[in-house]
Every structure is written in structure tokens, then in C-alpha cells.
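Going in written order, the chains are labelled A, B, C and D, and every chain counts its residues from 1.
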Amino acid sequence: MIELENVAYSYGGGELLSDISVKLAPGSFHFLTGPSGAGKTTLLKLCYGALLPTAGHVRLFDRDVRSLQRDDIAKVRRRVGVVHQDVQFLDHLPVSDNVALPLTVSGRQAETANGDLTELLAWVGLTNRSDAMPPELSGGERQRAALARAVIMSPDVVLADEPTGNVDWDMSQRLLTLLVELNKMGKTVLIATHDLSLIRAAKAQVQARVLRISNRRVQLAGADL
Amino acid sequence: MKFDLKTLRALVAGDRYADRVVPPTGFTAQLTLFVSGAMAFLAVFALALSLASGRLADRWGDELARTATIRIVAPEDQRAIQTNAALQVLSTTPGIADARALTDEEQQALLAPWFGQDLPLDTLPVPRLIEIEATDQGFDVTGLRLRLAAEVPGAVLDDHGRWRAPLVSAAQRLRLLGWTVALLIVGAVAAMVTLAANAALAANAQVIAVLRLVGATDSYIANAFVRRFTLRALVGSAVGVVVGVLAVWLMPSGGDTPGFLTGLGFQGVGWLVPLLLPPVCGGVALFATAYAASRALRTLT
Amino acid sequence: MKFDLKTLRALVAGDRYADRVVPPTGFTAQLTLFVSGAMAFLAVFALALSLASGRLADRWGDELARTATIRIVAPEDQRAIQTNAALQVLSTTPGIADARALTDEEQQALLAPWFGQDLPLDTLPVPRLIEIEATDQGFDVTGLRLRLAAEVPGAVLDDHGRWRAPLVSAAQRLRLLGWTVALLIVGAVAAMVTLAANAALAANAQVIAVLRLVGATDSYIANAFVRRFTLRALVGSAVGVVVGVLAVWLMPSGGDTPGFLTGLGFQGVGWLVPLLLPPVCGGVALFATAYAASRALRTLT
Amino acid sequence: MIELENVAYSYGGGELLSDISVKLAPGSFHFLTGPSGAGKTTLLKLCYGALLPTAGHVRLFDRDVRSLQRDDIAKVRRRVGVVHQDVQFLDHLPVSDNVALPLTVSGRQAETANGDLTELLAWVGLTNRSDAMPPELSGGERQRAALARAVIMSPDVVLADEPTGNVDWDMSQRLLTLLVELNKMGKTVLIATHDLSLIRAAKAQVQARVLRISNRRVQLAGADL
């Protein structure tokens, strides 16, 4: 699915990430953790082609990102559901349209997925907010809507950056369950989070590997969690 | 952004989803409409000025073709003979296309402002006038004058071209000015639509980021903007042209008095020239926005 | 936004912190500059047209004051007597300011185009011309014609006003058109700057929200925008005026030929009229932006 | 300081908050908690005049918000430091200028507080990011910068909405310590959060009251935390 091989990245100054090799096998479940500013978001962006590595190779669906045309990247993104840390919506469209947006831009009619949409909104607890405009959502509601948008195309890979940063414990368990279910359907899942209790809770439900960024490298965290 | 047939078809057909996906751009939209309208309105006047002075230049140019007159000043009994002699000379002068003596009626009309309609031409020693029409190459004025002096003692050559030519070139300059201003206006519309499109693209950086994130292709995003701005330039300039043409049409024509000022309008097919403005503005907006969008989308990741 | 002295002083003096706090608005800025420039450029031409046709209207209007001529068609020996008789009649006609017979030289000059410079006036039965200058109230043409018929048999009254008046009013209409276009342009600049300011305010909703959050007052925020747009309209229109004036100045004047076309420029203090455009545009931008800002800030919380 | 008296609020639909009476005494330390969408952010906005109550009275510094002119509200905001949940900056100014922004708009020269600024940035761990532009910050860095901006004027009241949603445990303890210190200097502090462990950690350091929103009302949470 997604493969990083000796990847390094720098925003211009010193290297932020060095010599990173990670392979997200189909159907795997990963957590990515590390202190604030370690590079979790950066690594995620490398994983869906928003950034190009300064060294090494990133392969998305067996193709090197450097060889991808702009339209190819757009097509890759339809197979990868992303939850951004700073969640963004089209503020002029209601929540339901925003959640269905990946269907719209890929030319599929939102109508065909109408059942899915309703079900999904119910799952993230936004049924009665589906006609609201994004600026009218609370912080937690935004995050849930973003997760719903990321999974509506039932993409092969879900990359989520702090998807539970603004929701309470009950809701975060619910969102985690959604991601675990997707994983059980064979999807690849990667969650970047600083919330260790979320990781602990997940470990009870699914066989998850935990990657930790420290000192510009990625290490596999052991049983210490 | 490639500009193949498919893109163009999608552009014309529109896509109600794609249209909704880009937010209504509010003030930028109104600005584009207004700018196109105002500029088209002004362009109509520039065109009217240009066509009117073009007509003037043509008319004066035609008159210039009859560059010269010959005055036969001679006693009554000599006049007809000398006139014929002069015509004879002219018919053998190279560079002269046509020459003919004015009739009594024509001379009377010319002199009426000075002597009134009831001028008794036959009782007055009024000189007979011969109108000369030169070929494009023109004729040798000095040479002709010498020949006439030798053969027709009463003939005086008057070279009207001398003082009319600058007027014709002035009218031509005015026509050029009108076209230049009209072209400048179309260029200004292009620049303004490009800038407005860029402003809209910059203001919608977040929208573009979201669309990118969920897998929209560049041409999908670009078309949504291009379609909008093209439509606005088209509609705006159409309204401007209609209002402008109405204004020109309603402008009091000053009755039947001849002259430049009263001619500041369109005539015949001239009325159709302003109709070219909306498609031109629309086309210019199409390419300006497509250019702006492809550039903006290339810089944003 | 209150517009008291303090605000105005702050506006003029500027505040380098406040200026930095609002982001450089990129394309909207260029758009405003360009629009003001292009419009000012066109306004210069409209003003040139207006002033030129104004001059023309004045000149023709002056000539119109000498509304009429009287032609004395009489045998050589009668001519002087009848001329004096006609002048006598005229001097007692109400509504006539002045009347005088043309001198031989003047008549010769008038007739030269038809008969050449060497016209032997005394050998020809050319009518004597009397020029009449009417007062503002004008005179009774029919009455005068009857009196002349009775007292000066050879006199023919020619009322030039008849065909000149429409020309003068046409020139006046052209002057009006020029001023209207110039005014329209200033109005268009106002509308465009308002729209551009609104677009900038809408695009900077987040900036305004942040400034609000940290305790910036409305006038602080508004001034940052107002100052910018005023400056841009000022600079843009100044550049447009300079280029426009240069273009008018460089326009070939067509030599010494008289007539309307060659007069399309500024004369004397006329050159100073376009200099009014930048302050007018700047002032218009000031109020347009202040209005837009105060409205936008009232709707945003 | 801030007093809500029988306040109700609705965004147009049903009432979100009803009959709420809360008094933030000078020098007090409060937590505000409740499930996602309960109205925590809304209540905070009522506390600094960003929203006007649909019923009841809100008194800021002993003046009814309804009687405040627009410029008065601006002045009130200079005495209240706010950390928004969706943190926003001026993206064209570097972090240090953004943090100093409250000084700038209130006419005080940023220079006078230069020492404070450096110290503050060090405290929130942004010393080496002070010249970065806001879009270049990581999620946690943004939150820390926002907190720094909220306290730079040493306001009488600090209102923070999920200030630790995106930072790891260590950093959240650090930020908490900063707020506790401000409180010890006599400032009033109110923190909205769904992170119960943060509340527990705070209770060890300061005498904090916990308000919980449930069923549109605010209750004082007991020892169950």
C-alpha cells in the first residue's frame, strides 16, 4: 500500500525526519506517536503525497510519488481518506454535502451513497447536525465530520491526524471503534495521536503496531505502552 | 491545464456539482460584472467615435480624390473655349483620372452662401470651375500649372489637397485613437479579470486545499473558476454594450445639420460592431482565468 | 465609524503597526491600482474631448453672436448708398448690438476659395456684405426683412443662425457627453473601489476575527483598510493621469490646420484639469472604503 | 469579574443553555467540562462578549454586556485573554509578532514587553519557532502560541478552550503550570476541556472548581473526578 524507504524530510532548515523506512501493509493498523513538533503530521503528509521526500523513496500503491502526475495524485487521494489536524471544510455547503464531497469531486453522484451517508452521520453522532454549516459546528463535531468525510469513499487507506483531540472519552471510543471496523474490513489504518490512553484502548480491540518518532527516527514502541 | 475538446465541452456544459463546490465569490463577482460592464460601455463610445471619424476620414478622403479645381477667369465669350482647352490639356496629363466642368446649377449651389440663391450667373463674370479627380499616383502640380499657363491663359489651378490632406489624416488619427482606446479597454478587461480571478483564487485557498485533499483534479477546480469568470465577463459586457448602444442611439442627433459632431453614432452595419464586444470580453476572460487558475494551482500544493 | 478629526489625523499619519497587521492584499491591491489607473487614463481622454468641444462650442457660439449678414445686391453706383441706408435701418432696429459693412479685404478673403486671391472686386458686381451682431435677446427677423424690403430694395437678409445654432448645440452636447463620461468614470471608480474593498474585507474575515479577539477597535481595523485603498486609488489614478496626459500631449496635432480634430488636447489652464482626478479618485476611494468597512465590520461579530 | 445571571442561549433552534448562573470571582480557578456539543465553547463566548445572551444578564467587570458599545467590548477584550478552540493567527506575521499582537493593537509598543515575550515563548517551548510563520507550526505549537498570546497582556481573566487538545502529556502539564502560576498571581482562570486527567492533575496544584454542562444546565461537579 504505502511504503517509505530511507525517507528524509526537511522544511528547509535541518532535517526533521531522517532515514525512515516504514511499510503500511494492506489491512494493518498503526499508531504514530511522538512529542508535539516531532513530525507526525509531516510523516502523514509524506504518506499521501502532499509533501515529497527530500531523500529516499515514497511508494503509494506501488508507484513512486515522484513519478506521479498531478492528476495521478488526485486519483491516489481518492483511495486515501485523510483527517487533517486542522480540519477544513467548504464553509458554504452544509455538513452532509461536505461529508459527501469526495463522491462529488470523483464524479460519483452523492445520491448513490445516500444510505451510507445517513448511516455514517448517525455513527459519528451528527444526524441532527447534517444540515448545519461547518462554522456552526463545535470542535468535536468538526472532527467527527472530518472522519466521516475521510471514510465515505471506503478508501483503501485511512490516515487520521489527532482524530480525537477535541472529543470526550466516550466519543473517542466510538470513533476508534469505527476505525477498527474499517480495519477489519481490510482497510489500512494509520492514526497519529499523542493520546496514549487511546492507544491502550485500541490494543484491546485490534492488533496495532505503535510507531514513535523521536530524534528524527521512527521506532517501533514496545510493550511499555 | 490542458485545453482539449473535453475540457472545453465540460466548460460549456457546466457541472452543477462543480459549480456548487466553489463558493459564490460575492464582491469579486460583482466587481467583475461591474468592471466588464463599465468597460464595455466605454468601449462602445470609443467604437462610436472611431467609426464616426472613420466615416469622416473616408468622406474627406473621397473629396480629396478630387484634389484640385481649375478656375477659368475669362471674358464671357472666351470662357467656353478656354474651358474646353483646359479639359483638353487635362485629358492628356498623366495622373488625372477624370476632369469635368461644373454645371451652372453646381456653381450656383457653391456660391449661394455668399450671393444668395438668385445669383444671375450669366450676368456675372463668375469664373467657370473644373473639378479634377486625380489617380492614386497623383499628378505633377507644377508641370500642369506651366502647361496651363502656356495653353489656357485664363486658367488658375487651385490645389485643394494642400489644406485638406492634414484634415483627412487628422480624422484617420482620431479613428486610430478610437480603436486604440477600444483595444486598451479590452486589454484592461483582460488584466482586470485576471487580477479578479487571482484575487478569488487567493481568497479561496482553503477551498482549493479541501478539494485537493478529497481528490479533485486541477482541471475540475480550474473549470469551476473559469466558467464563472467567463460568464461574468460575458454578462457584464453584454449589459454594458446594450446600455452603451442605447446611450449612443438616444444621443440627440442635432437634426439634419451636417458635420462631424452629429455623426457620432453608428450607421448601418456599424451597429453590429459593438455586438462583438461581449464575445471578445468573454473569450479574453476565458483565457485570462484559465491562465490565472493554472498558475495559481501550480503554486498551491 | 465616526469621522472626527482624530480619525482623520490617524488616517493621514498612518501607523506602521496597524499597517502591518492587515496582510498585503496582493491581487486585490493590484486590481485597485490598475482599475484606478485605467479609469483615470480614460477620464483624461473624456476630459480632453470635453474641453475641446467646449472650446469649439464657445467659438461657434461667439460666431453665432454675429448671427446674420445682409447682402446688398445693387448696381455699382447704388451700392454704397444702399449700404448706408441698410446700416441706418439696422441702427434703429431693436435687438441689434452692432452692424458694419465688411471691408473690401474681408470680402476678398471670404471669396478667395472660389475666385482666387486676385479677384478684381471693383470690376465685379459682387454684393456688399453687412455683418450683424445681435444682442442676447435677438431681433425680429421677419420685421427687419419687411423694413429692408421697403427701404433698401437691394438688401437680402441671410440668417446664418438658422444653420449654425444646431452645430453649437451639438458641440455643447459633445462637451456634456465628455463631462458625463468623466463623471461616469469617477462613479465607476467609486463602485469598483467599494467592491474591491469589500472583497478584501471578506477575504480577510479571519484577520478581522483575530484582531477583534485581541481587542482591536473597529476604527483601528477600518483605518488599516481605508488607508490602503485610498493610497492605491490615489497612486493608480495619478499614474493613469500622467500617462493619459502624456498620450494626449504626444498625439500629433495635425499641423496648423484649423478645425475640431486638431483641437483634441488641452490648452492653457486646461492642462490642470486632469490633475484634479487623483484627489477626486482618492477622496472617492476614502469614502467608499470607509463606508464598506463600517458596514462589513458591523455585520461581522 | 464575570457574572452570568439566569443566562439562556440559543443559536436559533432550541435552547442550548438555560437558566445558567455562574460567577467567576477574582482569583478563582474553574474548569468547564461536558460532552462534545454540550455548549462549552458557547458559554465561553458569552463570557467575553462574543455572543449576547438570549435571556438573562452577563456582567463583565461589573457592566452589563448589553450596555457596552463596540469600542467598550474591544477594551474588555484587552482585559480578557482568550484561547480559541480553532486557533487563529495572522498568517502573514511571524509567531513572535502574533504573540505580541494584543500589545500592538492596544497601542503599547511590543518593544516594551520584549523581555516578557522572550520569556513567555521559552515557557511554551517556542523559542526556536518564534520567527516561523503560523502556517508552519505543528498543531501543538499553534495551541501553545495561542496560549502565549492570551496571557501576554497579563489580563485579569484567562479563558482557554481546550488549550491542551493537541499537545502531549508533558506539554499539557507545562501549560497547566503556566495557568496555575497566573492564577496564583491573582488572575481568574477558566479552562474548558474534555480531558478529565488534566482536571485531576490540576486539582493537586490549585483549588479548582469544576463546572459540568449537562442537559443545558451547569452543575458543580463533585468529588467524582
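What we mean here is this: a contact is a pair of C-beta atoms (placed from the backbone, for glycine too) under 8 Å apart; a residue touches a chain by one contact, two chains touch by 3 or more.
It should be emphasised that the depicted structure is a prediction, and the values quoted were computed from it without experimental measurement.
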| item | value |
| --- | --- |
| Partner chains shared by chain A and chain C (touch criterion as defined above) | B, D |
| Chain whose mean Cα position lies farthest from chain A | C |
| Averaged-CA centre spacing for the pair chain D and chain B, given as whole angstrom | 67 |
| Centroid spacing, where centroids are CA-atom means, of chain A and chain B in whole angstrom | 62 |
| For chain C paired with chain D, centre-to-centre distance based on mean C-alpha positions, whole Å | 62 |
| Length of the line joining the C-alpha centres of chain B and chain C, rounded to whole Å | 22 |
| Chain B: positions in contact with at least two other chains | none |
| Where chain A touches two or more other chains, by residue | none |
| Contact graph of the chains (line, ring, star, complete, other) | ring |
| All chain pairs that touch each other | A-B, A-D, B-C, C-D |
| Chain B to chain C touching residues, read off their complex | 26-28, 30-31, 34-35, 38, 41-42, 45, 53, 71, 73, 110-111, 114-116, 123-127, 129, 156, 158, 163, 166-167, 169-171, 173-174, 177, 181, 184-185, 188, 191-192, 195-196, 198-199, 202-203, 251-252, 254-255, 257, 259-262, 264 |
| Of all residues in chain A, those that touch chain B in their complex | 50-51, 70-71, 74-78, 82, 84, 88-93, 97, 101-102, 104-106, 149 |
| Contact set on chain D toward chain A in their complex | 11, 34-37, 40-41, 85-86, 125, 129, 136, 138-142, 144, 161-162, 165-171, 194, 196-197 |
| Residues of chain B that touch chain A when the two form their complex | 17, 20-21, 23-24, 206-207, 209-220, 301 |
